[in-house]
């Protein structure tokens, strides 16, 4: 029986050919650990978040705001911090709020938000039907968004609980012109439709989107269709910081930071391994010649 | 009569009239047309909701045949059909409370959240594997990526505010330029596609094969 | 607020230029479609990759997995491109005797697209004289829910271990999951980035990527249908016009003239 010579892998080769599950393990530990043992790290507020904050701050009492949860529940996990911080600010300005949803998974989100912000709502005397209404799943497709923009009451006659919306503040809402602001929390489901039928017609819009959508939403910010853009969970954390209402966003920023650093270290190590292995191979080839 | 409505000509005529009913009021302010287009869009919204019923029927018909023939994986088909029936019953009798709420928030949303969260592992392993400074362009890309990543980490954004204008410059110019370019391409493509449909060149949408359409 | 350069009586303010653009585009598309000219489209490099991938699968005796996206908007621009590429892939797999698996689903609208995809694959096999090799169970419908579809797709990849995975059409966040799994099992991964946010991640995870318009152009190239080629030509003309407006506007704005901006708000 011949002995098989096992070639010892160099450190450079190990850095290039490691099992990807090692990365998964590191990411898992670095994300979970700060959540189990929170610690506070400083955070810098970006100009975009400052603009978003100023737009909401510009709302006056009795303005009518349409809040759209344009996300699946998985997206809510990322947008949660922005949603809670923004809607808290909106409630603090005592505006009239109508909440709509554009995905069946998101129908429970309004109640989750109301439960979390109950204290603020009670403080500012929010009464269902008078100051706020949950319209439910009214935006399943672009046709419904278009119809509500042109004639709101043609498609929306009752709220999410089956009660008529007649006699509420929505009696004054007929078309896209009647909304003071649309606050969209989106993973991209109906954001395009809202832009086409509300934003392009002149209804002010502010948007909180997930991280992967930021680059696609930038043209709308620079063209003025969006008054402001809150960028994913980081933007939500910055807003929580601005409004002094720490929540899931600020808690997650530690994991966010460590995850970013881990990725940078992995890239650096991978490049060290790549160049080291390459020079090793070219040296071996020269020796063999 | 029914053969007339099934014909390509009739379907295209209805499509073109519906298109004009919605297209024209956007550019020419005619109140009567605006009202008509709103009603048409409301009808469309309701009819498209009924396609879900069609989908349900199609799934049950295929599923029943699959289970009857005991094909490989039939138990999963049975599980799917039972789940559909159960969720329908929960929704009809509990609406948004009780078992429907429990099934949504204890089963469906955690499962979809997990799938979405798995992305972070894949992104990390892809980034670690793919970012190699093989040549000058790759090196420039890597440096740019590092600056943006560094800025995105909230801690470094706080301690190195000098990075902010550089990172914002990259995202505000190069990334925004690419996004705008994409937007222009996709928008023009969508308009041209719509025109092909209206001119009757995209027969698959009308439900005709190429042979039937010619 | 910038004053428009011109206003057309009867047209809503700020929309006249848009209307002119759409009408001119319609005329261009009609002209190219009816001209009968043979319009040249360069061969997209990704197509060579597709043929190489199918050849590899045939040699290894492993299946090919090809999908046309989640069809979130029904029969939209990207889905039609995906279906055109699926037709080409089905033709090649029928010719080489390779098994083709087409996972479908991902949205409610995908239920409407699925029968068309089945018909496309069946027709491809029929035209190659191998209709008996077609199996409709190789076009499984995963789910109308995006992540349930992803789970099913990944399961198919893990079980069948294909030699190549071709993901065209419109994909959202599930594209990354699928591309990375495909990479992990050692398959050649060819994707199309229809969503700008996906392009960067897919470029890292895939072996070949068709960026943006390359997928519809590939579809037009493969199908050889004059209407498709005519539309690509009309789009290219419009992109050239956009480029001229951008560069011209930039130069004129720097020189102190806002004429291009005023034109665009007309």
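Order of writing sets the chain letters: A, B and C. Residues in each chain are counted from 1.
The rule is simple: a contact is a pair of C-beta atoms (placed from the backbone, for glycine too) under 8 Å apart; a residue touches a chain by one contact, two chains touch by 3 or more.
Predicted, not measured: the structure shown is a model, and the values here were computed from it.
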{"item": "Farthest chain relative to subunit B (centres taken as mean CA coordinates)", "value": "A"}
{"item": "Closest chain to the centre of mass proxy, which here is the mean CA position", "value": "B"}
{"item": "Gap in Å, rounded to a whole number, between the CA centres of subunit C and subunit A", "value": "27"}
{"item": "Rounded Å distance, subunit A centre to subunit B centre (Cα mean)", "value": "18"}
{"item": "Inter-chain centre distance, subunit B versus subunit C - centres from mean C-alpha coordinates, in Å", "value": "14"}
{"item": "Per-residue overlap in subunit A, given as positions that touch at least 2 other chains", "value": "20, 72, 74, 214-216"}
{"item": "Residues of subunit B touching at least two other chains", "value": "108, 112, 115-116, 125, 127, 129, 131, 178-179, 182"}
{"item": "Subunit C, residues touching no fewer than two other chains", "value": "146-147, 173, 196, 201"}
{"item": "Contact set on subunit C toward subunit B in their complex", "value": "10-12, 15-16, 18-19, 22, 25-26, 29-30, 33, 75-77, 80, 83, 108-109, 111-112, 116, 119, 123, 137, 141, 144-148, 150-151, 173-174, 176-177, 180, 183, 194, 196, 201, 203-205, 212-213, 216, 225, 227-228, 231, 234-235, 238-239, 242"}
{"item": "Residues of subunit C that touch subunit A when the two form their complex", "value": "146-147, 172-173, 184, 195-198, 201"}
{"item": "Residues of subunit B that touch subunit A when the two form their complex", "value": "22, 34-35, 37-39, 41-42, 44-45, 48-49, 96, 101, 104-105, 108-109, 112-113, 115-117, 120-121, 124-125, 127-129, 131-133, 142, 146, 149-150, 152-159, 161, 164, 168, 171-172, 175-176, 178-180, 182-183"}
{"item": "Subunit B residues touching subunit C - in the complex, by the definition given at the top", "value": "26-29, 51-52, 54-55, 58-59, 62, 71, 108, 111-112, 115-116, 118-119, 122-123, 125-127, 129-131, 178-179, 182, 184-186, 188-193, 195-196, 199, 201-202, 204-205, 209"}
{"item": "Subunit A to subunit B touching residues, read off their complex", "value": "20, 23-24, 27-28, 31, 41-44, 46-47, 72-75, 77, 105, 107-108, 140-141, 143-144, 146-147, 150-151, 154-155, 160, 214-216, 218-219, 222, 234, 237, 253, 256-257, 259-264, 266-267, 269-271, 274"}
